[in-house]
Amino acid sequence: MNINSRVPVGVLGASGYVGQELLRLLARHPGASVVFATAESAAGERRDGVDLVRAADAALARAEIVLSALPHGVSARYVQEARAAGRRAVDLSADFRLSPEAVYGLTEVTRPRLAAAELVANPGCYPTAALLALLPLAQHDLIDQSREVVIDAASGVTGAGRNPKPEFLFGEVAENFRAYAAGNEHRHLPELKATLERESGFAGDLVFTPHLLPVTRGILETIHVPLTRVIDRATAEGIYETVYVDEPCVEVLHGALPSLRDVLYRNRVAIGVATVAHVRRPRLTVIAAIDNLVKGAAGQAIQNMNVMLGLPETAGLVC
Amino acid sequence: MNINSRVPVGVLGASGYVGQELLRLLARHPGASVVFATAESAAGERRDGVDLVRAADAALARAEIVLSALPHGVSARYVQEARAAGRRAVDLSADFRLSPEAVYGLTEVTRPRLAAAELVANPGCYPTAALLALLPLAQHDLIDQSREVVIDAASGVTGAGRNPKPEFLFGEVAENFRAYAAGNEHRHLPELKATLERESGFAGDLVFTPHLLPVTRGILETIHVPLTRVIDRATAEGIYETVYVDEPCVEVLHGALPSLRDVLYRNRVAIGVATVAHVRRPRLTVIAAIDNLVKGAAGQAIQNMNVMLGLPETAGLVC
Amino acid sequence: MNINSRVPVGVLGASGYVGQELLRLLARHPGASVVFATAESAAGERRDGVDLVRAADAALARAEIVLSALPHGVSARYVQEARAAGRRAVDLSADFRLSPEAVYGLTEVTRPRLAAAELVANPGCYPTAALLALLPLAQHDLIDQSREVVIDAASGVTGAGRNPKPEFLFGEVAENFRAYAAGNEHRHLPELKATLERESGFAGDLVFTPHLLPVTRGILETIHVPLTRVIDRATAEGIYETVYVDEPCVEVLHGALPSLRDVLYRNRVAIGVATVAHVRRPRLTVIAAIDNLVKGAAGQAIQNMNVMLGLPETAGLVC
Amino acid sequence: MNINSRVPVGVLGASGYVGQELLRLLARHPGASVVFATAESAAGERRDGVDLVRAADAALARAEIVLSALPHGVSARYVQEARAAGRRAVDLSADFRLSPEAVYGLTEVTRPRLAAAELVANPGCYPTAALLALLPLAQHDLIDQSREVVIDAASGVTGAGRNPKPEFLFGEVAENFRAYAAGNEHRHLPELKATLERESGFAGDLVFTPHLLPVTRGILETIHVPLTRVIDRATAEGIYETVYVDEPCVEVLHGALPSLRDVLYRNRVAIGVATVAHVRRPRLTVIAAIDNLVKGAAGQAIQNMNVMLGLPETAGLVC
């Protein structure tokens, strides 16, 4: 690839945490080049070699593909506009994640459908980690659907965006930890359940409780899985190993559990398991970690874009 | 109370995080006065108005009661020595928590047995929060013992003590989060199960997974409780409210969930609940927060000491 | 003191960080009792045993003294109102710090003027630490006024209040450090210079640069003092020791430098010194640390109130 | 460049924070390939695609250049060994920084001497930021050598390495801030003074005070410069702009001050200035920020290596 053959990419919503991460990653992408980046509040500023503009306007015509990091509810309109102008698009908002109009971009799972996709809905950060952890077990009929899967998930604050709400001030978040949206009220639950069912037939109950961590980035999910039969740790690890053997962005740990640190600034999910002693029915604890801004957002969007464009899948990414 | 009538107290192991917290709290206790404090490495230093000494020796005779914050495995010997010298004792280590020799000092639950106790075993930090959250439900036969109770607990690093292990360096803990001892391997599990059974008859399965938080202090536990029947949030809150109505150190939240911040530097457990939607069988999510160094250690030890000595129960404490 | 004889205190502006700290400290004050606390946004809530109200109104008449933690520019009006109603007042805002109408409440320095004061202006957080560090040297004519005193000060984020500005979000402050208002632009400089001159005659140049630390509370100031003559460390420490020998809230370190941790949650300034090697002209580095919310605000306000009311100076405070 | 033509590189001491950063950066270097990496404690583990070995041994012969991140005092011996085997070397320890045997690798300043160098001493982290900030002013005779330059520097904890000392535990560093080695006792001072004099003739006094920040990485230095004549901010910025106009790794801010965040994970120094009001003699405040592990260590080592090998200077680096 030389610079002349780089694919021209447009970025919508470049001033939020996800948008910034897109620019940071695209700046070192060997096969793509940012031709415009919009940002309402930061228009006029320059970031990673790109001048931020208020609106895409004429520049839209120069892009071959558009990545939107606009907020939920706002993104759909601009993505439709880009689609109407004949551009392919990856939407990082929640706007198309449950829509049949878009291909769901969980790269490792939906890869075959991405190459020809005109519109890809990038998965939510929480579902990305949970799905990559649960699908291999569900596809092997190992999850006891008569018992609940309990997911305790913890995220760094960039997951909440850059809106200056009092509860996200340093003085409130530091030296603190709390659940929010307990009781299955989080908007990621429908996405998680719909995808689990579509990709594996799993239709059991989930209990999902997100927590806010005093860290800037990263998601760690502790997933309690009721099993249909007893399996030991090596067997469980072997199942993941087999499913993900050729995946550059999935790390299956052996005899260890992942931590946030293993995945920060990387487009990687790390998965580790532990069997559970002293209980009557078979269970497995699965722990999955991702960087919410990379594999949970901007990185996976680029991974999807690479597949759509026929570029090497990890171009521009560190897995 | 005047200063002449203050109860003379001895502290063993005053240089660790728990020992320091004991001195900090005792310094403003209106009815107690520290007559000696031992500390191997910091002997010779002065903390909160007390000169640290290497060994209790002759000073032991001057104390009416001894509080030991020595490490597990070490504490028992020194506590026995104090007992042999006729002193009453509160042991903050794990050494006597499963022993019939000691009264278990979960103040709100075992208060009637404390007044006459010669030796009190102060509960572990994780069990303190879990037991105060689970016992009211268990005592009301609300927990479905055929399904597992899942506890995801997260603690600040002072819970691990002051030993300089590489995994507790700032460079490893900051911007990180991880589970440790998954799969019911944590040493607090037997204490938790034994106490639940003794105090409520509950004998169901528990899945306990502790996590390490990038904060200095505090424990938050997210407890997933399978219910024997459907109850709504107000009813659940009402049960806690009734059980703890006269308790100065228990805060039951209404329509809200606790965060670490609510309890830091306080001898308080805060408890909040959420019902769980979109699941077939009744469930409740209970969240409990304590300061691991206060209600989870030094504060509860003083609360127990106050009961043993007939002092006002919260003397020296901010609940 | 018994509860009937507690002085009735009113608090204005109880929902900010300083106001919360006032309530936390007054809750355990043996000689004072909060009779009302105003808070615009949090009216109706209960904090530390006090119901927050929108306006003082009739309650003003019941208070003997009023502490105002209202914002700069807003506080003056309400304090004047309380004064007009015959109440004594401590104003924690900047509104009266340069006004002849009020006594400047740097307790250790202006104590004799406080007992009879009707209105006390509580010092700014940065000046409190700087003045207690510089005044002993200035009063001994040890500062070379022909050379600049350089002060690099670093503060935790609660110093900026609870307004939800984007630059104080956790995602911006964590893993970050920066100067703000460099070049002597900070509003605390005139207060610092005026007080230094008034209390010691010092009229040399100051260079003051505040920085924002990724911590919730605490101020540490590194103060570079050009000396009129060579003095060694022990001599410098001796000067501080002599000036502050009877002060319960000043800690002079010997052969050590203070850290934020030494003073958190305490109404204390900790001061340490280092001589400077390899320079041609005599110099001293002085480091001073306070908790910005305690000795830098709420704690010192209560210390001042205690003096005004003839109560023990450290009642309700941990120094 | 294709993979066959990648320069074979050896890494000594790959398990510390700097060594890990070397592997992270070299993993995506388009023109270099790690042929061995030694690590005493972590031998046998695999990091960023490289198997860690106990000793270089025979592998030394396969490397064209060796980068040593071994500790001070240990590194010299192994670097000499590599040199004796005919390998070129960049030593990241302090062992050769004051030695005439090595070329000092402050890339922007000593670039012409690097191409032919057999042994390069990579600068200390604190001197890197201070020198890049001070040299342009010193070379323009703008620093008043009769007055002291005061440098208050603050570093994240990775600057102290991974040795498990109690003072670097999370429980000690979080919510804390402190100076260490005040009074010009820090070992970086001789390196700083010698380089300033050699590269600019500056021989004035420096007062250097390092502080420990509760962040994992990054250095920010607030540098107080006495000037020989009054210059305004635009003029000062213009001087830096002119000196660094062609430098890809130096960012001169205009009308703004740098923060740690501007430089994290980048091989960049960011420099901003402020003039000082209300003082009698001309002064400038200069603030410089680097990532201590990148431009302050591993990144600059790779920048130097690139120059030594004739590769594009920023290959493998994000500036």
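Annotations
By written order: A, B, C and D. Residues from 1 in each chain.
We take it that a residue touches a chain if its C-beta (ideal position, glycine included) is under 8 Å from a C-beta of that chain, and two chains touch if they have at least 3 such contacts.
Only a predicted model underlies this, so the values are computations on that prediction, with no experimental measurement involved.
Any chain touching chain A that also touches chain D appears here: B, C. Ranked by distance of CA centroids from chain B, the top chain is D.
Between B-C and C-D, more C-beta contact pairs join the chains of C-D.
If each chain is reduced to the centroid of its CA atoms, chain C and chain D end up 38 Å from each other. Chain centres here are Cα averages; for chain B and chain D they lie 46 Å apart.
Centroids built from CA atoms put chain C at 35 Å from chain B.
Within chain A, the positions touching two or more other chains are listed as 172, 174-175, 214-216. Residue ranges on chain B touching chain D, taken from their complex, read 17, 156-158, 162, 164-166, 168-175, 214-216. Residue ranges on chain D touching chain A, taken from their complex, read 27-28, 174-175, 265, 318.
Partner chain B is touched in their complex by these residues of chain A: 147-148, 150, 152, 154, 172, 174-180, 182-185, 189, 205-207, 209, 211, 213-218, 220, 222, 224, 226, 257-261, 264, 274-281, 283, 285, 287.
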